[in-house]
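Shared between the two complexes below is subunit A, which has subunit B as its partner in the first and subunit C in the second.
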Partner chain A sequence: MLEINDIQRDYITEVLNISMGSAASVLSEMVNEEVALSVPEIDFLQRNIAANKFDQTSESKMSGVTQSMSGALSGDALLMFPEEKTLSIVRILLGESVSVENLTEMEQEAMCEIGNIILNAVVSSVANILEQEIVSSLPRFIKGTGKEIYAVDAGNEDLVMFIKVDFGLESQSINGYVTMMLNVDSLQNFMTQLDEQIHAI
Partner chain B sequence: MAEKTVLIVDDSRVSRMLIKSVVVDRHPEWVILESGSGDEALTHVGEAIDLMIIDFNMPGMNGMMLSEQMKAHYPDAHISMLTANVQDSIQQRASALGIGFEKKPITEAKIANIMSQVE
Partner chain C sequence: MPSDGKRNSRCTAMQESDHLFEKVLDLSENGLFLIDSERKIVLWNEWMVKASSIERDEAIGFTFSEVFPALAGKRVASVINAALDSRTASLLSRSLNKAIFPLFFAGGNGEKHRIEQSVTVKPIRSNGDDYCLVQITDVTSMVQREEVLKVLAKEAEEALHAAEDVSRFKSEFTSTVSHELRTPLTSIRGSLGLVSSGVMGALQPEVNKLIDIAYSNTERLLFLINDILDIDKIESGNMSFVMEAVDLMPLLKQAIEANQPYGDQYQVHYCLKEEVAQGIKVHADRDRLMQVFNNLLSNAAKFSSENSDVEINVIQKGGMVRVEVKDSGIGIPLKFQSRIFEKFSQADGSDTRKVGGTGLGLSISKAIMEMMKGAIGFATEEGKGTTFYIDLCLYDAEKVT
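Here is the complex of A and B:
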């Protein structure tokens, strides 16, 4: 089982803080207001347990966007909002010029683009800190509970590094989450890279 | 003011809409061509194009491959990559190719900045 020591955990948290910071800054640029961020939670979990954990923390069905990563890190990144808030988010992005009918029609596409921008900001920032390249797939729109979204069956016990950060837009009372599930086989390289950077400090 | 032709290449219709609205606001006389992919963009080769605003992550050919080809066809046009993928490696490739680079999200100021290259 892969384990991380305190200094590695501290450094990963810092890498994520910086990366989520750049995602928050692009989100704030899109919605024109400050975005509040939580401290990243990092756990090594079996995939099925991670999905359950996600389900417990979200009270409602969620909708959002997922992108797969490969290269220096492999896994999935997700951006999630409560399902009932997506139209408000799309409205903020597109402004008042778009009619309600068009807004509903464009909901998925607009969410994909929002997800693309935010998730790429996180992934690009991690890649830049690691001085490596991470390739992200095209964004895909998703809907459902944690378990449905992660599409796991109870038997999937693959170990993943599960990362979760909450963010909020106060004036719109919108809360969302960014999560990453990183495949452990790609983490060895990630940890080596982190150790090199920690030693260089 | 001279009329210009802008080619907007982005697989996201929403992004194309946002870019287009800024271009139209500033220069209603400009001609706007839109493509949802690199292959579709290449069908415009031969037409007069002054400015290209190209996304990086697209199905099929990515924006960098498209920009390389467009650069060969249009050595005098201004090409700017406008992308959410802000990795240093991508920015370095754009700079080596001699094209502009702007980070998404799309804002009026960023599009105006790209447009100023040909105004």
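Here is the complex of A and C:
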């Protein structure tokens, strides 16, 4: 099974944190408020375990944004939050109070844009490590249980790259989770390139 | 080598297809423009011409920042660069980016309105060249609709809160007033009872009669207040139940005995016809079940014709026991049947004085039966009488533990 060692973990984290920094400054400017983004944790997990990471149980509702990737890597990139956290973000960034059911098209679109900025930052970090191009699609709003979103029922035990993202907003900090769902070849390719880069240092 | 003729016809076909392609773009309901890797605009559709008032020849061949100098360094410019340099697609929502491009539509009176926009920026590669497609969707009407919806939702919420406040106030008021009335009434009844019993010395018959009227009316008021307090408890969900195994027949017989003096007032006799074995237990709250029996028995007496019998039958059916109370009264008019369990309902409003009662009893009985997972119902025939029945669950020790 594919595993990640401490050196690899540190390297990816550092590259991600650099692009998260620029994503954060874009977000801060957009919402006229200090937004800090950081990556405290990164791991390779099986889908079913990733699905459980959210709230001990894969039955809890979550929502977020997804976009697909093609080119050097193919798969999907997701930014997910426990459902009530999505609301906190929309509430803080848009200054509105709504419930998930009432997230209007406009607010979903705003959430998509926030996710788009963060996912593009992650995807471009990965592309930098690969030194190859990754084409990303437009973001899409999704919600469901961890089980549904990670397609656990399909018996899919693929590994995913699981990145915890810390959103520092106003007085509170909210944890979101970026998942890179890659096919096995893409993941292997990524790890090989990663090692080459580390050796080159 | 293809002949010139062939080449020409192919050129014509390509020109035709380009022409068609342009027509399609011009018919689009979205703003579309394409930027090449030199940041020059290479395509500018009709929607853009209309909304921006920038003609095609003023846009095509010029760089993005020449056409939109005010947008240099803005987020839209950087996502265009990202699409061309690292092939990422981006979305600029209208909520987080107010009126990205200076685009307007003409209103009816010649006024210009700024178009609310949602913008997508996508990378395209064709024949090894990179392009960036910018698409603009006019979301003005959606924004207006959402604003209206938000106002409506807010108003609805406020109205709901106001209604809840009124309802809470009403129920608190009812409860407080009822409690405050009960205390003095209880002492009035006590005093009247003492006086009428002759403890304070014998009374003249005329006085005694008046005291009796005062006593029975005080009692009626107390019943009414207790019923109102019960309804209040039911509606606020505060009525508590102690569910236990209740030996049915002794309780029912006790109820019949206790109600017979009341029946005597109407010259009605309670008569237990069919009964189940002693020891049959039902799952119920003893006091609340007694309250339901009292209600059904007193109703039957009230609505029976004089010198008649009220028949009581107890029948076991599967896991349930049914208790029927059958009167020989006037029956329930058809149009009233659907409202029989509603609060303050008596078939004939003018009847209230004659038969007494608050019109709350059946409504309370129904709520009690539902809370005890039982049921209440009736069968009636106008002019012949009514049978009210309640269904109770047999006490099943296994199920309860």
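One rule holds for everything that comes next: the second predicted complex is superposed on the first by the 131 of 201 C-alpha atoms of A that agree within 3 Å, B and C clash if a C-alpha of one lies under 4 Å from a C-alpha of the other, contacts with A are read in each partner's own complex, and residues count from 1 in each chain.
The rule is simple: contacts are C-beta pairs under 8 Å (C-beta built on N, C-alpha and C of every residue); 3 or more make two chains touch, one makes a residue touch a chain.
Every value quoted in this text rests on a predicted model; they were computed, and no experiment measured them.
Chemist: Subunit A superposed: clash or fit between subunit B and subunit C?
Modeler: Because the two structures are overlaid on the shared chain, the partners are seen to clash.
Chemist: Between subunit B (first) and subunit C (second), which, if any, makes contact with A:Ile4: first, second, both or neither?
Modeler: neither
Chemist: Looking at A:Ser124, would you say it contacts subunit B, subunit C, both, or neither? Reply first, second, both or neither.
Modeler: A:Ser124 sits against subunit B and subunit C alike.
Chemist: After the superposition on A, what does A:Leu37 contact: first (subunit B), second (subunit C), both or neither?
Modeler: Neither partner.
Chemist: So, A:Ser136: does it touch subunit B (first), subunit C (second), both, or neither?
Modeler: After superposing on A, A:Ser136 lies in contact with both subunit B and subunit C.
Chemist: Let me test your reading of the model: by the given contact rule, A:Glu107 touches which partner, first (subunit B), second (subunit C), both or neither?
Modeler: A:Glu107 contacts subunit C only, not subunit B.
Chemist: Going by the contact rule set out at the top, does A:Met191 touch subunit B (first), subunit C (second), both, or neither?
Modeler: After superposition on chain A, A:Met191 lies in contact with neither partner.
Chemist: Which one of 5-13, 113-121, 149-157 or 329-337 is the stretch of subunit C that crashes into subunit B?
Modeler: Only one listed stretch clashes with subunit B, namely 113-121.
Chemist: If you lay the two complexes on top of each other, which residues of subunit A touch subunit B in one and subunit C in the other?
Modeler: Touching subunit B and subunit C on subunit A: residues 26, 29-30, 93-94, 106, 109-110, 112-113, 116-117, 120, 123-124, 127, 133-134, 136, 138.
Chemist: Show me the residue ranges of subunit B that touch subunit A in the complex, using the header's touch definition.
Modeler: Residues 11-15, 17-18, 21, 57-59, 83-90, 103-105, 107.
Chemist: Note which residues of subunit C are touching subunit A in the complex, please.
Modeler: So the residues of subunit C touching subunit A come out as 75, 78, 82, 86-97, 118, 120, 122-123, 139, 142-143, 146, 149, 153.
Chemist: How about subunit A: which of its residues touch subunit C in the complex?
Modeler: For this pair, the touching residues of subunit A are 26, 29-31, 67, 71, 93-94, 102, 104-107, 109-110, 112-114, 116-117, 120, 123-124, 127, 133-139.
Chemist: Flag every residue of subunit A that touches subunit B in the complex, lowest number first.
Modeler: Residues in contact with subunit B: 22, 26, 29-30, 93-94, 97, 106, 109-110, 112-113, 116-117, 119-121, 123-125, 127-128, 131, 133-134, 136, 138.
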